[in-house]
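Some structures to go through are shown next.
In the two assemblies presented below, chain A is common to both, partnered first by chain B and then by chain C.
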Partner chain A sequence: MTLTAAGLCDIGTKRDSNQDTIAWAVSDDGQRALSVVADGMGGYEGGEIASQLASDTVMEALTPLLASGAQDTATLQDRIQDAITLANKRIHTVRSDHPKLSKMGTTLVLAWVQNNQACIAHLGDSRCYLLSGKTLTQLTRDDTVAQNMVDDGSITLEEVPRVPFRNVLTRALGSSDDARASFGHTNLAPGDRLILCSDGLTGAVTDADWPDIMAPAPSLEDQARRLVDISLDHQAADNVSVVLVQSI
Partner chain B sequence: MAIRFLLTRLFSLRLVIALFALVVVFGADKVPALNVLDQTLFDLVHQATDTGNGTDAPQAQSLDARVLAQGLERPDWGFPMVRAALALSLMFLMFALPQLGAALSVLLVTLIATALLITQAGLMLYQHLWLPLGQVVVFLLAGFVTMLFWLQPFREIQSLRANVQQARYQLGKLLLQQGQPDQALEALATCPPDEDTLDLQYDIAIQQERKRQYDSASRTYEQILSQKQRFRDVRERLDAMQRLTSDSTTSLAAGFDSTRTLVMPDQSVSKPTLGRYEIDREIGRGAMGVVYLGKDPKIARTVAIKTLSYNQFEQTELGELKSRFHREAEAAGRLNHPAIVTVYDVGEEADLAFIAMDFAVGKPLSDYARADRLLPLPVILTVLAQVAEALDYAHGQKIVHRDIKPGNIIYDAASKALKITDFGIAKITDDSRTRTGSVMGSPLYMSPEQLKGQKVTGASDIYSLGVTLYKLVSGETPYNGDTLANLTYQILNKRARSVREFNPELPDSVVRLINKAIQKEPAKRFASAGAMAEAMHRAASRASSKETS
Partner chain C sequence: MAALSQLVDDVVVSTFELTGPRIEIGRRAGCDLRIDEISVSGQHATIEVENNAYLDGAVDYFITDNDSTNGTFINDVRMTGRQRLNSHDRVRIGWNLFRFIDEDENSLEKTAYILEE
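Up next is the complex of A and B:
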């Protein structure tokens, strides 16, 4: 099995700034891959800084592990959580030092792939999907008030766009001292793809359409490009980010 | 600059006249034409007094010789006198003439010339003195004719200049009235300065100052100074402005936002304005942004001005935001009820929108919402009954408040007057489009249907008023959650905590009233705010009779 990754980030059609940050790295032998999507918030500069800070910190802390690989799942989870906690701390420091950035924060979704296994960590509403053949499975659950309301049966999925607090996250980096991520695990068969994305993509294109949109493109780059292009065609209101990881 | 100055002065007819005067002074002897008049006068006087004594000198003799031959004396003061007369004539031609009308100048010149000639003749006849004033008259007449050539175009230029000034002034004024101060300034910049145009530029600068466009104001002041070195207090204002911009470049550039207050400049800079309102001071932070105390200078009315800063929104959302703002503010402006804060005006500046409204005297009921400082029950019921009546009126006008809570009801304990503020403003500041990790508004008073994003009706206001009553009699709210998610869950799915838990002495009627108002199902609440008002009035009179008994 060899891993490849590709990603694309676009400002979208309605925003003045790009507050999304994406990053990925594959080990030299192609056996391990790390990918990140962060979607910042809290004003103009704040969002950009927070997502960049989160992505940089996590990449910096975990890239050394790419060469050696993690011994077991528990160690891996600890290392990932430590990286996220460090990122949260750094965002907090900047927040308290700069009044203008006092509201900044960011979502984070991270996927670590090793030995046909993917470990996914996230906070906020940036998502990770598994595309196996033509079957798309959402691996993360949004940390939003609206998702909670859907889960407890207060509202239906169709009602989400009208809920007043629909954009309020229940968890994010920077908004509280507690930055414990939710973890998920999945197996990757050859040909399977992981899709990490910000809500700019999910908000502009229904996820059910993704397999068909990606199908005609031969390379991972082209598949990412097609997803972003279609969301721009749909007048994506937010920044659009996609990172794809595939095992061959 | 110096060359232009020289050219305009050098090639001027006035200089020619001055040179001519010099010729008269120094070269009168060599230019016979200058003496023509003296000669003629001499001959005339001579003939008139000729006694025929035969000593008639030949005409060929020079005038000087003939003067001598006639025994006329040349006084010592003669020369200076003639020079002085020449100098005076020069002054007259150069400076007085351009100010006079054509007819008047002809008349004056004729009079002066005649007077000079008569003087000369008189001196000859009666004093036997010879004073060659004829030169002066020749100079005056020749100079006058020359000046006439210059005066005509000069007058035309003068009137054109006045015309341009007037036209530019009117244009500037018009542009200013149309709200285009920059174009107005451009129209005035190259205009020959006069009091009116300078005044207008000064007014524009003051306006820019008040609108906090300090950079533009500085440029305008500099423009004024380039036209006139000293004009009123322009220099002082410019200095004050430069101090201000260097002190607080960043905060000025950032302008208003919900967290930053307006920079109050020092005395030398005009008080800031929003629309026609002069801003006095900040009085608080509302749902939209900073609230200011202002004054309408036209009618000396004190107003509260709620501002909505555009900075917090994406450029692309602004169009929709602005139209929503105006729609809602105008809807609220249609409400006319003694218990509803009157909206006077809605306006917009470059970086924010604002609503000017009645400044309600008193304190928000949130000040009386803690368990240790609750108002007496009859007072609470009476006040909220009035709120319900006002809501009933608004619902009749198809306007829902959407954000009834203690903080939006201003109560003046002294006069017992109350005012509901922020009608419809919740709709303007629907912050759902800005994603955030932290809770912005709290939904403590929000009805379940509002939380679910369903249609908000008068029944939602009744629910919120029910929670407000709950809060004011107990210091607590029916639901309590440590996070927004938790609170939302409780409001949507859990039974309300009984108000009796927090206030065991509350009469049954009030408990029933609250429970009816905060039913999850809108249809189970009071049929109208009016019905709720009646129930509260009844409960109030029972409570007060119980208190007195």
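Up next is the complex of A and C:
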């Protein structure tokens, strides 16, 4: 198995700033990969700073681990959580020092792949999907008020785009001292792809359409480009970010 | 505060404020919102007013059709089960058209934000 990754981030059609940040890195031998999408919020400048700070911090903390890999799942989760906790602390420090940034925060979705296994950590409504053949599976659960209401049966999934508080997150970096991530794991077969994305993509293009949108594109870069282009064609109201990781 | 405004030819002819916890809608005397019109069943529908379990200060309005003869329609779709009303929804009780307005919805920010702990 060899891993490859690609990503794309676009401001979208309605916003005047890009508050998403994406990053990825693959080990020199192609056996391990780290990828991140962060979607900032909290004012014109704050969202950009929060997502960049989160992405930079987790990349800085975890990239050295790409060379050796993690010994086991527990160790890996601890390292990822430590990186997220550090990012949260840094965001809090900036919030405290700069009153204009006191409301900033960010979502984060992170995927670590090694030994045909992916470990996914997230806070907020940025998502990770597994695309296996033409079967798309959402691996993360949105940390939102609307998702809580879907889970308790108050509303249906189809109603989510219409509820007034669809953008209210229940967890994110910056909102509390305790930035404990949700973790998930999945196996990757040859050809499988992980799709990390911000809600700019999920809000503009129905996820069920993604396999057909990506299918004609030969490379991961082209697949990411097609997803972003179609979301822009659909007048994506938010910033649009996609990172793809493939096992080949 | 939320209300149902009855529309005739797109003009508001009456407005009924929805004060909870339950509002019974129907043709029968004793209903909170009584519509004395032949397409409306005796106890046609019920609106329940509940505090949102996850968002302080937010109030949810859920409507249930009580197996009425001519149905309850939300935005032209005949409803089944229990459904949350969103501001500006068109609610049709039999042949009678209303618009649901929840002014408090406007105070919720349109951009993403986080519940601070």
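Worth a mention:
Keep in mind that, in the parts below, the second predicted complex is superposed on the first by the 248 of 248 C-alpha atoms of A that agree within 3 Å, B and C clash if a C-alpha of one lies under 4 Å from a C-alpha of the other, contacts with A are read in each partner's own complex, and residues count from 1 in each chain.
Everything that follows uses one rule, which is that contacts are C-beta pairs under 8 Å (C-beta built on N, C-alpha and C of every residue); 3 or more make two chains touch, one makes a residue touch a chain.
On a predicted model such as this, the values are computed, not experimentally measured, just so you know.
When the two complexes are overlaid on chain A, chain B and chain C occupy overlapping space and clash.
Of the two partner chains placed by superposition, chain B and chain C are both touched by A:Thr170.
Touch criterion not met for A:Arg225: it reaches neither chain B nor chain C. Look at A:His234: by the touch rule set out above, it reaches neither chain B nor chain C.
Of the two partner chains, chain B is the only one that A:Asp16 touches; chain C does not reach it.
By the touch criterion stated above, A:Gly42 is placed in contact with chain B and with chain C alike. After superposition on chain A, the chain B segment that clashes with chain C is 488-496; the remaining candidates among 2-10, 38-46, 326-334 or 488-496 show no clashing C-alpha atoms.
Common to the chain B and chain C interfaces on chain A are residues 41-42, 103, 105, 124, 145, 148-149, 152, 154-155, 159, 162-165, 167-172, 174-176. Here chain B touches chain A in the complex through residues 259, 312, 314-317, 430, 432-440, 443, 446, 450-454, 483-485, 488-489, 492-493, going by the rule given at the top. Chain contact summary for the complex, chain A toward chain C: residues 39, 41-42, 103, 105, 124-125, 145, 148-149, 152, 154-155, 159, 162-165, 167-172, 174-176, 178, 199. Within the complex formed with chain A, the residues of chain C that make contact are 52-55, 58, 60, 62, 83-84, 86-87, 102, 105, 108-117.
Interface of chain A with chain B (complex): residues 14-16, 41-43, 99, 103, 105, 124, 145, 148-149, 152-155, 159, 161-172, 174-176.
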